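Each of the next two complexes has subunit A plus one more chain, namely subunit B in the first and subunit C in the second.
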Partner chain A sequence: MTAVGGAAGEAPAAPCRLDQAGRPPLRRAAGLLRSGETHAWRWGARVAVLLPLAGLLFAVVVLAVKAYPAVRVNGGTFFTGSGFKIGSTYAVTTHTAGVAHPKGSFYGAWPLIAGTLQTSVIAVAVALPVSIGCAFALTERLPAFISRPLGFAIELLAGVPSVVLGLWGVLTFGPWLARTLYPFLADHLPNVPVLDFFKGTVGHGEGLLTGGLVLSLMIVPIITATTADLFRQVPVLPKEGGEALGMTDVEVAHKITLRWVRSGIIGATALGLGRALGETMAIVLTVGAIFRLAPNAYSPMSTIAAAIATQLDSALTDGTGFAVASYAELALVLAVISVLVNLLARWIVRRTSHLGAPVGRAA
Partner chain B sequence: MPRKRRRVVFTVLFRGGTFAALALVLAPAAWLLASVIAKAVPHWRWNVLWTALTPTGGGLLGPILGTLILMAGVLVVAGTVGVLAGLHLAEMATPRRSGADGGTVLRMASDVLSGFPSIVLGYVGYVALVVGLHWNYSLLPAVLILSLMVVPYIAKSTETALRQVPTAYREGAEALGMATGYSLRKVVLRTASPGIVTGLLIALAIAGGETAPLLFTAEFSRTVWTGAFVHAHGFGYLTYVVYTFWDTPSKSANYLSYDAALILIVMVLVLLVVARLIVARSQRYSEGRTR
Partner chain C sequence: MATEPPVAGAASGAAPGLSGGKHVATGTPSPAAGIPRVDPVLDALDPDRGRPANVVETHGLTLRFLDKTILSSIDMGFERGTITALIGPTGSGKSTFLRTLNRMNDKVTGFRYEGSVTLEGRSIWAPGTDLLELRRRVGMLFQRPNPFPMSIRDNVVAGVRAHRIAKGRQLDVVAEQRLREVGLWDAVQDRLNDSPFRLSGGQQQLLCLARALAVGPDVLLLDEPTSSLDPISTEYVEALLAQLAPALTLIVVTHNLAQARRVSHRTMFFYDGRLVEHGPTDQVFEHPRDPQTERYVTGRIG
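The block that comes next holds the complex of A and B.
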């Protein structure tokens, strides 16, 4: 049945008006609709792709504007000083450099900055060798029917909500470590620089090392997935060549596979580091969230992210808004550090492989 | 040690080491799962799923609905924006004069955003939306900030999925006289849909398990959502229950925190397993298996 036709045998209806391309109105409408759809997709996509950029700029501008008064007043001591004091909120407000703040307020974030770096460095130091080992086991040592489910299990670990990991860390994992591993480390590690950081009282399992270890569990899936993907891209001929020359597994792994993907692994590590720097919930729950520089590896301490999460509430009691501004400066410092690390990581990964981002968010 | 002996020892160490590394990851993972189950199951009551939260205990109806509503909101906001952004980056961005892919600046912005610590995004949401716009702790600022957090991820997975659609499909569609928009919808997006849906599911899993950006945008509320997008007095969700209820003096609140952890893990695992099944299913019929 045609669009304009009537019953059979009837004379065809008068020809309808055709447009310039010779199409009847219905077709023309359909054509318009189709080109309209193309335009809708195009413009929708154009607008959508600008939104993340807009959101990013918005976040940076908000942080910068909020932090500006704090940057002016706190100056360099923000990075070297130690201790956050809101000051006396009942007494007179004083002015420094034209910014109002309570008398006696002091903001020095060194313990937080150091704590962020400490937990992240521990996390990466533990996660990197473990991840490389896992990647080797998954790609080279195990048959596919075993390595595939195991690889998926590691991916699932990446999906575990960080707050659940933190809860496990504080209720189960931390206390267990404090009973078993920590006393052993504290007793048997030699009293030399760096390692003497692991001497002393071991506490109850809430502290720097517990936080670092839980973090490492969070970033292992990221580094493992990226590294395993890199290993799969190493061509098989050089490896077979190495074996034909009589190299052992270790020598092939060390001299061919690892060397082939070295910079990719550096990128994956930096990506994990970026994630570790910005992680909040697992850290808040496991490190004790006490504002101080950890005297040894087992003592409660805090990081920038944990401090923001736990202290912003009390910052609201500062009527001058200076405490909130100082936390904006803190947030800005964290954002700058982790964005730089992330960009570096992505740049390295992109330069060295054809992968996009590996599993999971980077922060 | 003789050279030969040394090589043998290294080989054994290496082989053992790779398996030890695997065990070092899988054992804590299994332990984590087992301990969450062990903490929740002995006190598990099914009515936790449909009773409202009270100051002395009750169930988790409000937080469970809250997490689902947050995920739905993220699916609408971040899903739309992320898929369209990925579409732009993969299909429409004008190539550079050097021949490289276009959209470098936009992709870079997306990368920077995904490197942004989530607690910082939460802080921005607090300062700009909760206080700045007087929205108060409520659903809309939480959804917006959570969406901002996962949009880069969705855009990236969409872009990757679209780039795997063979160019021949687009050429074929064009040769049949399809308009660009029509072929996008009927051919390109449809072919890429398993990859896109997988990305969306993983993004939902991330959003559902997130706490940090919600602390200062949604805060918390014991009541079931009343329908207010802004100007509410807090909005409840599961991760907050896990975060705060475990060290309260009330035993029943502690149990709720373990229950919430179990529910969260189940939710996330279901999403991730479904995502994996979609990938496996779509790869079964594709010509070139990637793995």
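The block that comes next holds the complex of A and C.
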């Protein structure tokens, strides 16, 4: 109380002491406060913008350092060889190029690399047409009272945890496919290159195609949402121009709407492909996670991500750390594949966008 | 301004000579070369002889969106080979009227019509009418250029392809013909495979005109075709329209009264959902019968 009184008593003593700029003290304090706030925002933004980059750099550098011994020893056979063998962890440690590793260890990741590409390609090949159809129906055909709940449901699908989808895939979806779709495909597809991959025994629904289809279900919402956004940005005037010229609505959709957003769809596909390449849990559960190159589309196999998730445990038993280094190399390969896919998508976008209009541009 | 290729095209087209000769050879009318259509022999050979004078007619046409009446009982005929200007303030219903003629309003929710529109004596809504063929015969040019996301050449022949009018190498011939017809050939012949979006606004609109002409329409609807163009491109497009008129029936919505006066033979004045007055353009502008028309054309309402 006395302190307050004292302050109150002092206040009139210097009622209007101005600072050098001629502002009363309160304003100066406010100015200091504001400049402090500005600084906080600026630095906050700087840190925020650098953090993801730093995180990425850190992860890649750590991975590279970890993988370095394995890269030196495994060499090119890592990409061409087939089979992961830890070697004898009880025998004498051998040294190759100065790197310690158990006797008889061998790392050839070709089946995993191929498997990753196979599941992802199947996923995208199925998801892309479905997603474009979905997005088109949502934005151009269906009335709002249907398309809104439907769009919401598709977005919900993106939120389903991959372990749930994986479990459903292995327990329900896969066996059902093995009873219905797979025998049909195996019997009716012609015996020509690429398609003959779908001939042969169909198994029980745990394998490459099941994994690819479950993956496609996971990336449909991603591609659909992005593509629907793109379709909404196509201006109405070119579409009307097509109609007024006597084009059918299918021609308008295909030649104008779809072409207008072509490069954007490639970007959306890359987004989905990135997700498919790295997806782990759903794959682990649905493809059988067996280390081998699938002889046909229905065979159990494995991917890079699935192999890392399921095998890291046993890799840790290698006292020399060489197995862990090899899995780090595997992870590095996956990262590089993802980056390459994105670069490829960018390149395609640049090559195809020269005819299209910039999205969102009024025309 | 000087770099605007349509201008260059206009200038070179104005000199009858090298380009004009080519047009005659290919049977393509040049915008500025002029096509004399008063020759009695040609007249006798005119395929339009004996056909009704009015290409498009409306009979008691009333247009509604939901319960709102946009236009009520329009009776109007559009004579073959004439340019008709539709004028009137925003919201007077002239654009709706225009878009009804090629049935662009059909898919609009709540659109209803009474009365009829006939094309060469046949109702455009008659059962069994081929909508795509109707739109081939009744072309449209929009307020702003609307090129398709494909190459310049593919833009010109987009409709030709859709209607299977020509194919293969014929398409190149069609593209060149039509681009020459609108005076765009010299400007784009080296970049036929480039994007149309890098052309200037005026050039894009000419490209759209070439595209509309390529399918061989009888009637061309123009919805404020020059409202987004600069004055020089506008002048060029107007000159083109004047050249097209004898072979085509043009119906032009415009907010530009001077333009209506310059290019049209007949003028229709819409106000508040009614066709207030229509007649020869000179009469509508010089001696309007209706006081509302007089107030509009003299700039006192609008």
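The criterion applied here is as follows: the second predicted complex is superposed on the first by the 313 of 363 C-alpha atoms of A that agree within 3 Å, B and C clash if a C-alpha of one lies under 4 Å from a C-alpha of the other, contacts with A are read in each partner's own complex, and residues count from 1 in each chain.
The definition used in the following text is that a residue touches a chain if its C-beta (ideal position, glycine included) is under 8 Å from a C-beta of that chain, and two chains touch if they have at least 3 such contacts.
Being a predicted model, the structure only gives us computed values, none of them experimental.
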Could you say whether A:G133 touches subunit B, subunit C, both of them, or neither, answering first, second, both or neither? first
Of the two partner chains, subunit B (first) and subunit C (second), which one does A:K255 touch, if any: first, second, both, or neither? second
For A:G242, decide between first (touching subunit B), second (touching subunit C), both and neither. second
Counting residues of subunit A touched by each of subunit B and subunit C, the higher count belongs to B
Quick one: is A:V349 in contact with subunit B, with subunit C, with both, or with neither? Answer first, second, both or neither. neither
For A:L208, is the partner it touches subunit B (first), subunit C (second), both, or none of the two (neither)? neither
Quick check on the superposed pair: does A:A294 touch subunit B, subunit C, both, or neither? Answer first, second, both or neither. neither
Identify the overlap between the subunit B-contacting and the subunit C-contacting residues of subunit A. 248, 251, 356-357, 361-363
Partner subunit A, residues of subunit B touching it in the complex: 7, 10-11, 13-15, 17-22, 24-26, 28-29, 31-32, 35-36, 39, 80-85, 87-89, 91-93, 103, 105-106, 108-121, 123-124, 126-128, 132, 148-153, 155-156, 159-160, 179-182, 184-185, 202, 205-206, 208-212, 215-216, 239, 242-243, 246, 257, 261, 264-265, 268-269, 271-272, 276, 291
Of all residues in subunit C, those that touch subunit A in their complex: 102, 104, 131-136, 139-140, 142-151, 158-159, 162-163, 194-195, 197, 208, 211-212, 215
Subunit A contacts subunit C in the complex at 235, 237-238, 240-248, 251, 255-256, 259-260, 262, 354-358, 361-363
Seen from subunit A, its contact residues with subunit B in the complex are 31, 34-42, 44-53, 55-56, 58-59, 62-63, 66, 129-134, 136-138, 141, 150, 152-157, 159-168, 170-173, 217, 220, 224, 232, 248-251, 253, 274, 277-281, 284-285, 305, 308-309, 312, 324, 327-328, 331-332, 334-335, 338-339, 341-343, 346, 356-357, 359-363
